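Per-chain residue numbering starts at 1, and chain names A, B, C and D are given in the order in which the chains are listed.
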Amino acid sequence: MSGVPTLEELRHEVALLHRELTRYGLVSWTAGNVSARVPGEDLMVIKPSGVSYDELSAESIVVCDLHGALVEGDLRPSSDTAAHAYVYRHLPEVGGVAHTHSPYATAWAARGEPIPCVLTMIADEFGGDIPVGPFALIGDDSIGQGIVETLRGSRSPAVLMRNHGPFTVGPDARAAVKAAVLLEDVARTVHFAHQLGTPDTIDKQHVDHLYARYQNVYGQ
Amino acid sequence: MSGVPTLEELRHEVALLHRELTRYGLVSWTAGNVSARVPGEDLMVIKPSGVSYDELSAESIVVCDLHGALVEGDLRPSSDTAAHAYVYRHLPEVGGVAHTHSPYATAWAARGEPIPCVLTMIADEFGGDIPVGPFALIGDDSIGQGIVETLRGSRSPAVLMRNHGPFTVGPDARAAVKAAVLLEDVARTVHFAHQLGTPDTIDKQHVDHLYARYQNVYGQ
Amino acid sequence: MSGVPTLEELRHEVALLHRELTRYGLVSWTAGNVSARVPGEDLMVIKPSGVSYDELSAESIVVCDLHGALVEGDLRPSSDTAAHAYVYRHLPEVGGVAHTHSPYATAWAARGEPIPCVLTMIADEFGGDIPVGPFALIGDDSIGQGIVETLRGSRSPAVLMRNHGPFTVGPDARAAVKAAVLLEDVARTVHFAHQLGTPDTIDKQHVDHLYARYQNVYGQ
Amino acid sequence: MSGVPTLEELRHEVALLHRELTRYGLVSWTAGNVSARVPGEDLMVIKPSGVSYDELSAESIVVCDLHGALVEGDLRPSSDTAAHAYVYRHLPEVGGVAHTHSPYATAWAARGEPIPCVLTMIADEFGGDIPVGPFALIGDDSIGQGIVETLRGSRSPAVLMRNHGPFTVGPDARAAVKAAVLLEDVARTVHFAHQLGTPDTIDKQHVDHLYARYQNVYGQ
């Protein structure tokens, strides 16, 4: 998409992006969700609650305000809507949020252990260790607060919420989903590395160099 | 399906639900089976024995009474039919049963170790630790008895039968299959978490809160 | 297939059975192979060497005699042909052979460690522990001898050849492939079980009971 | 392809070969890349930077000189182009290069640990232990130098670049991709073997025998 997407384009894009969650095995059954901020408006689009990935279409994606109230759509919004909305209210640079229970990332979250920056891919995309957020109950602002507090002090677009799973953010929904995919990739590789020894860490100055290059030079 | 399904609809639904077992890698070759109680009758529908998942259709799903005797269909019922039938006879609230040898859940079963409630997804769907059932030989009521005795004292819709594999139940076959899918998901994540340390447990009051919310608020 | 298959039916069947190797992730690139004895003749059909699984058709399956010499077909037979041929010469009850480097089974083979009978599925299909065969170089009868010597004293249709990978046998090619699929399934589950503890073993008398039942009662 | 491929055939072949990276789960999102030397010219074809595997076509594959400068194509070349170019300049026998972050191979790379030759498949394809290359920053000749220095003293077509991931080479792009696929296969199996014990090593003379046979006898 070039330029500012319409609401219809955004619903279509967000519906399609959910396919990346199933393609990479980040979600089971109906768990997981992606949202996008509607540019220039106090609105977001998000997955409906408990709907099968096979049945997800642009039409089923719902529109909510930034307090999570349904504005348009026939279905109830995701049960994680309050957390997405809180992130959009408090982090104005964020245009997309993704949430999964991807298995390796969630295992790090269950132990409350940050993923150490031992791979160039972690330096590239996350700019350092991938941080852990607090345990929080679903249903009020606790999860959103935990995400925002953890990500504010970090270059990482990903936070590992304790006993729960990862949330990722980005300038748009595609970037948030990309972060979710790369997070699980590195969570898995570092898990494997730790199973048989201790990987070397990468010097801070090299991490900075890699992060700066990837953010500015990679891609088209 | 809304309202009470016909026998034909139920066979179709159960045939389709078996695809979720292969989609999520819960079964190999012809192992694994799903059944549904026929509402209002002392009958169940179940997978035939040793039939390939590629060849499973609504027509090949057989109808049995609740002692496992074939009532309708050209094929022999699943070799686990006696266990399913026992569950329907003794747990009237159960409308569907699924059985797999999904690898991570079966590994917990092989060690005879319950899966501890260290993830919000476990609290949501299973309401606490996922319990272990006894070792039982196939062919008589032993497996059914082990399932019923274990699930009666638990909020969990899943039991890990020792040295064998999981059985899951639900108000209908779809719910039983959902429990089988989420069971393998959490069995795997908790396995990963334990490989590199010890995950935090979730306080009992938080488990209760999460379980109550998920059972009542999630979905459409 | 009912009755005695023609040579053409056998080539078709063996071509199709190779798809199960890729479906279950038992092989990479062109590694792995399946063969079938031609009933009533001193012939076998087998995969050609180094041919992509995407390009495998009934026409590309070659016919060899039971010393591995090409009898019919345009391509060179599998580099494991001598081992298959040796098995057919020395085990007259075997009608099919499969060979893979499936990852979990091969890991047990690399350690030279039998897979212990700790799952009902192992008792059902393999009738006890799954045995290890000797290290053998490819190209002469060494591999075939190792397979035959190991399987003669065992109910198992599978042998884990040291530092190499599994060979499985059966009354026909389908049964050999089934054994390859179930072998990897149980190799993986027992691997997982051992990673976090020690699984319970199953009493010999229960193993015998399960094996007898599965061999005689399961399926259509 | 028989004979010398045209530039158009080479772009088509390289576009198709990228599908093997996704098929075997060697790459996530847009990471990973394959290139081929243009026979008889100081040119190479390579994946463009940050382009989705779904959208990769012969047309999108770009042509560069052997210092990495774009010669033909509408997109920017892969951010790893300098490394591929360095390999082609310094190893004239190399006609194809592949780079992935495949998880098990990258885990060995993160620990800086060579993969020991404990499987016949490793002897066949890699001729011994699979070596580790130095840590190197992206963007100049460091990665290329590390690859060339490591592979010059080895029969292995694969090098595990520290904290980064594998690079593989071959006489053409197909051979380089094959090495990437088999590398991940053996990295995974040896990982599994080490998790529960120590695999037997294979005698040097047997490794030599297996390597010589596979390089000369296998395939059509």
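Here is the rule we use: a residue touches a chain if its C-beta (ideal position, glycine included) is under 8 Å from a C-beta of that chain, and two chains touch if they have at least 3 such contacts.
In this text, all values refer to a predicted model and were calculated from it rather than measured experimentally.
Contact with subunit A and subunit D alike is made by no chain in this entry. Of all residue numbers that take part in the contact between subunit B and subunit C, under half occur on both sides, making this a different-residue interface. Subunit C maps onto subunit D through a rotation of 90°, based on Cα atoms and reported in steps of 5.
In this assembly, the C-alpha centroid of subunit B lies 31 Å from the C-alpha centroid of subunit C. Each chain gets a centre from the mean of its Cα atoms; for subunit B and subunit D, those two points are 44 Å apart. Among all residues of subunit A, those that touch two or more other chains are 195. Each chain pair that touches appears in this list: A-B, A-D, B-C, C-D. Interface residues of subunit C facing subunit B in the complex, by the touch rule stated above, are 24, 118-121, 178, 181-182, 184-185, 188-190, 192-193, 195-200, 202, 206, 209-210, 213-214, 217-220. If you check the complex, the residues on subunit B that touch subunit C are 28-31, 48-51, 75-76, 79, 101, 103-104, 106-108, 110-113, 135, 137-139, 162-165, 191, 194-195.
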